[in-house]
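Both of the next two complexes hold chain A, though its partner changes from chain B to chain C.
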Partner chain A sequence: MFASFMTNAWISGTIVALLAGAVGFFVVLRGASFAAHAIPNGAFAGAAGAYLVGISPLVGLVSFAVLAALGIGVSSRRTRNDVATALSLVAMLALGAAFLAVNLLYEPTINALLFGEILGVSSSQILPVIVLGVVSVIVLAWFYRPLLFTSVAPELARARGIATTTVDVAFLVVVALATALTVPVVGALLTFSLMIGPPAAARILVSRPGWAVAGSIGLSVVTVWASIAASYLFNLPIGFFVGALGAVLYLGARVVARRRATHPAT
Partner chain B sequence: MSVHDTTGPLLEARGVNVSVDGRDILRDVNFSINHGEFTGLIGSNGAGKTTLFRVILGIQEHAVGEVLVHGEPLARANRSLGYVPQKVLFDPDLPIRARDLVALGADGHRYGLRRRPRALHEAVEEMLDAVDASAFADRRVGGLSGGEQQRVLIAHSLISRPELLLLDEPLANLDPGSVQEIIALLHRVSKRQRVAILLSAHEMNPLLPVMDRIVYVANGHVASGTTDEVVRPNVLSALYGHHVDVLRVHGRVLVVATALPVGPPPSDEHPEFVVE
Partner chain C sequence: MTWLFEPGWWANGTVRTALLVGFIVAVTSAVVGTFTVMRGQSFAGHALTDVATAGGAGAFLAGVAPLVGFVGGGVLGAVAMDTIGVQRVKGRDIATGVVLGAAMGVAALFLFLSARTSSATGTTQLVLFGSIFTVSPSTLPDVAWMSAAVLVTLAVVARPLLLSSLSVELAAARGVRLRVVGVVFIVVLAVAVGMSAIVIGAILSTALLIGPPASALRVARRVGTSVALAAGLGVLATGIGVLFAYDSYYWFPSHRGLPVSFFVVAVIVAEYVVASVARRRTRSTLVAAIEPEGWT
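Our next item is the complex of A and B:
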């Protein structure tokens, strides 16, 4: 599994894990799980569209994910956030279905987009993945405190003069970038689980915000590495392992937290 | 620490009107708040207390009129105001300890990922100590009781060294003992740090010992002044639009409508036979 044709899988998998762990922490904190579910579906439609017109799927992934994020961000100012998210999700899924019907894509390609493929990132795409990943992490680090503040107590943040709407939209765009990078590796249907499982477990186990982010990133990297290895060994889609491990981590954290609460000394 | 003069009032509201969907919520509201003073904002449910806070913060829509701080129009991100909203809900799983929330009051608006200076950690300790919250500083805010959260929120808003602290019903949902504790704490902090306080409440009685001035809201109108100037039958009757009496019994003030209303139950705009 460490053969040279797997190099891209390990590199892109690690970048994706770092990013998803950091972004996912805020997704969970803000209760934006539904958006994290909707945006990958938009990205999926984008990839299908990219195959249709014959451009790089990464371009389709990024542009549609950002479009979905902006759609959610802008329309949630007018209606309730979950309704706006649901409408964006449905529109994107419909578009994806239409693209696939026109396109008659080769079935394994569709499967890879939906459930992930360890060899999903080609050599020509590895550089854009690194660049976008690094940019997203820098942006996230740059507005870490205002983002944390608006996630924890939006009213207090607004009173402190933070432009919370700008922070909200900027964050959704970062979610979109992270999604676009994650979908080719983990798959559109299960990208969501990588952004939710490890952060949800980390925030139960650790009570300091900075360490909880670090814990989330750590668990996310472990999840992805284990999933790549398992996917290689058992020849099952990587998304399956990511989803299963995410759920196990979360349940494990709940059990640990409960034992801590009942036996505070240990 | 202010470069502004401290001779005039700290905050002045002039001719503030708020109407939403054609309904007047506040009409021609005028009052001022002085440096270092404790002002009670008293009014029943729906009187417009929260609305008035939002006007002062510059985040209320459909508001006309002027709010001046140091005689100048309020900039949106005005650092001289601290604010604790009426409802702040924290998820128990939130990985934010009391001390983290206090620290966010100091640097939560800063972009960039700098290490927190030692001075900031010291300021956090000092604030936690000032509100008697050191004992639970390392617990998650979501797991604290209402009164404990209230203390942490006060520390959070004090750490930016505001000149005016706006507290929207910080005493609601507290038992009488905690009410006394929080009031004593606010009084102490306000004198020590020379910060003015505007605190909203339904009940004026617990505030009587510490209140320098009162802003009384009813019927969309406001009467303001010292307690003795405002809590009088003629002033409050004019405010409510019908006759009320002010009774003082055992050091408590009761505002009572003179005649028991007959017919349908009293609406929000009119006091029931005992308001205070």
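Our next item is the complex of A and C:
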């Protein structure tokens, strides 16, 4: 399990988990799950397009993820958020379908993009993952306070003169960067699971924002580690374990919260 | 007219089936979608296609009819979302997200297992992207009666559903049982979406569910008009999409056509842009259902 060919999987998996935990906390807090689902799918289309043009998939992932984020952010000004997201999502997916039709990819390549190929992470892929990860965390830390404020009390934040739309779009771009990193590792579909399950559980269990972010990151890292180990042991796709563990964590947190409500600590 | 209708268009059985199924699904999606958009449940509407896909992959693995898997998976997901808390606006987003995340994990497992146990290639793509051109004429009756069931159920609950979609408080005051209406609607949504996901693919399912109603709600003054307009826009997009996809086979020397979903979505986006420009000036309950709060 800790053989040399697994080293890259552990390193990149851990970075992805740290990032998804931090970003996911705000996704859950802001009720932005749909955007967090749509952006990875846009990124998937970008990767398909990059194969078509013959450039690095990472470039395609980053540019399309950011494009999807801007599309959602900008059109949300005129349409209710979920409608804007749905339309951006299908537009991206349709483009991806067209790219795939023109450029027949091997099914394993598509599966890897959708469901992740953590064992296939090469050493040359690690560096961009680290760089983009650090950039995302710095950006997130830099506007942590306004982000938290607009997430918790958007009206109050607007009244205080915070440019909420700018914060919205900036946040979606951070989601996009985090996504572009996560997609090659855990896949477009499971990037989403990692951003929702562990943070939602942490938010139920911990009420103070700072601690909840830490809890979210912690649970996310545990989920990824356990999933890599289980994936290695049982030879099943890592995506399955990430998805299942996320749901189990959330349901477990709900049960614990209910216990606490009915039997207050004495 | 041969420049528009490439040879064989009128005599092609596959095209005829595709158009017929496409039109039925487009109309059903327009009706269900109008309520989906008004209730702000686009995310659930989309998530259920992926949940249904997991069911479809499971059916493929178990050797059950795919339609059963898609619709069954969708309904199961809908019930799970409702149980976790889809009825509370605050928890809705998370409940949908958690169910979606779990369903994707299960889909990953099923697709992996079916790729390992069978030599059939292209399963993933077929299940995820579907194609209207691969619909067999034998599924037509199933699609027809399921659509009929969806439309009849919606007609029965139309009034309380509409009231609760436009104003929860008003509906509660009038004695509408919100929980019951909510459950009935999300199950109807799951059946409609599961059915459309298998015949036209997950992309088109969401596109037809959200796009035409979102455009229609911007310009129509009454709900009835909006539903009719949405159905028309959906049918138009499907027709143009199928036609262009058929023609695109002749566009490239490689004879590698572009997918139907690409063209249908392109038309839907175009319709939406036109509808946004033509947005009526007066603010009514209908237009308020689609625009963000505070928008003037």
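FYI, the second predicted complex is superposed on the first by the 264 of 266 C-alpha atoms of A that agree within 3 Å, B and C clash if a C-alpha of one lies under 4 Å from a C-alpha of the other, contacts with A are read in each partner's own complex, and residues count from 1 in each chain.
Here, a residue touches a chain if its C-beta (ideal position, glycine included) is under 8 Å from a C-beta of that chain, and two chains touch if they have at least 3 such contacts.
Fair warning: this is a prediction, and the values are worked out from it, not measured in the lab.
Visitor: One more residue to check, A:Ser193. First (chain B), second (chain C), both or neither?
Guide: In the superposed model, A:Ser193 contacts chain C only, not chain B.
Visitor: Touch test for A:Gly161: chain B only (first), chain C only (second), both, or neither?
Guide: first
Visitor: In the superposed arrangement, which partner chain does A:Gly243 touch: chain B (first), chain C (second), both, or neither?
Guide: second
Visitor: In the superposed arrangement, which partner chain does A:Ala141 touch: chain B (first), chain C (second), both, or neither?
Guide: A:Ala141 sits against chain B, while chain C stays out of touch.
Visitor: Of the two partners chain B and chain C, which one touches more residues belonging to chain A?
Guide: Of chain B and chain C, more residues of chain A lie in contact with C.
Visitor: With both complexes superposed on chain A, which partner does A:Ser76 reach: first (chain B), second (chain C), both or neither?
Guide: Second partner only.
Visitor: Could you tell me which stretches of chain A are touched by chain B in one complex and by chain C in the other?
Guide: none
Visitor: For chain C, which residues are in contact with chain A within the complex?
Guide: My answer: residues 37, 40-43, 45-47, 50, 90, 93-94, 96-109, 111-112, 115, 121-122, 124-125, 128-129, 202-204, 206-207, 210-211, 214, 256-259, 261-262, 264-266, 268-269, 272, 276, 289-292, 295.
Visitor: Once bound in the complex, which stretches of chain B touch chain A?
Guide: 57, 59, 76-79, 81, 83-85, 88, 90, 93-97, 100-101, 104-105, 107-113, 138-140, 153, 156-157, 160
Visitor: For chain A, which residues are in contact with chain C within the complex?
Guide: These residues of chain A touch chain C: 28, 31-34, 36-37, 76-83, 85-87, 89-91, 93-95, 97-98, 100-102, 104, 107, 110-111, 114-115, 187, 189-190, 192-193, 196-197, 200, 236-237, 239-244, 246-247, 250-251.
Visitor: Within their complex, state which residues of chain A touch chain B.
Guide: By the definition above, chain A touches chain B via 29, 141-146, 148-149, 152-153, 155-162, 202-204, 206-209, 211-212.
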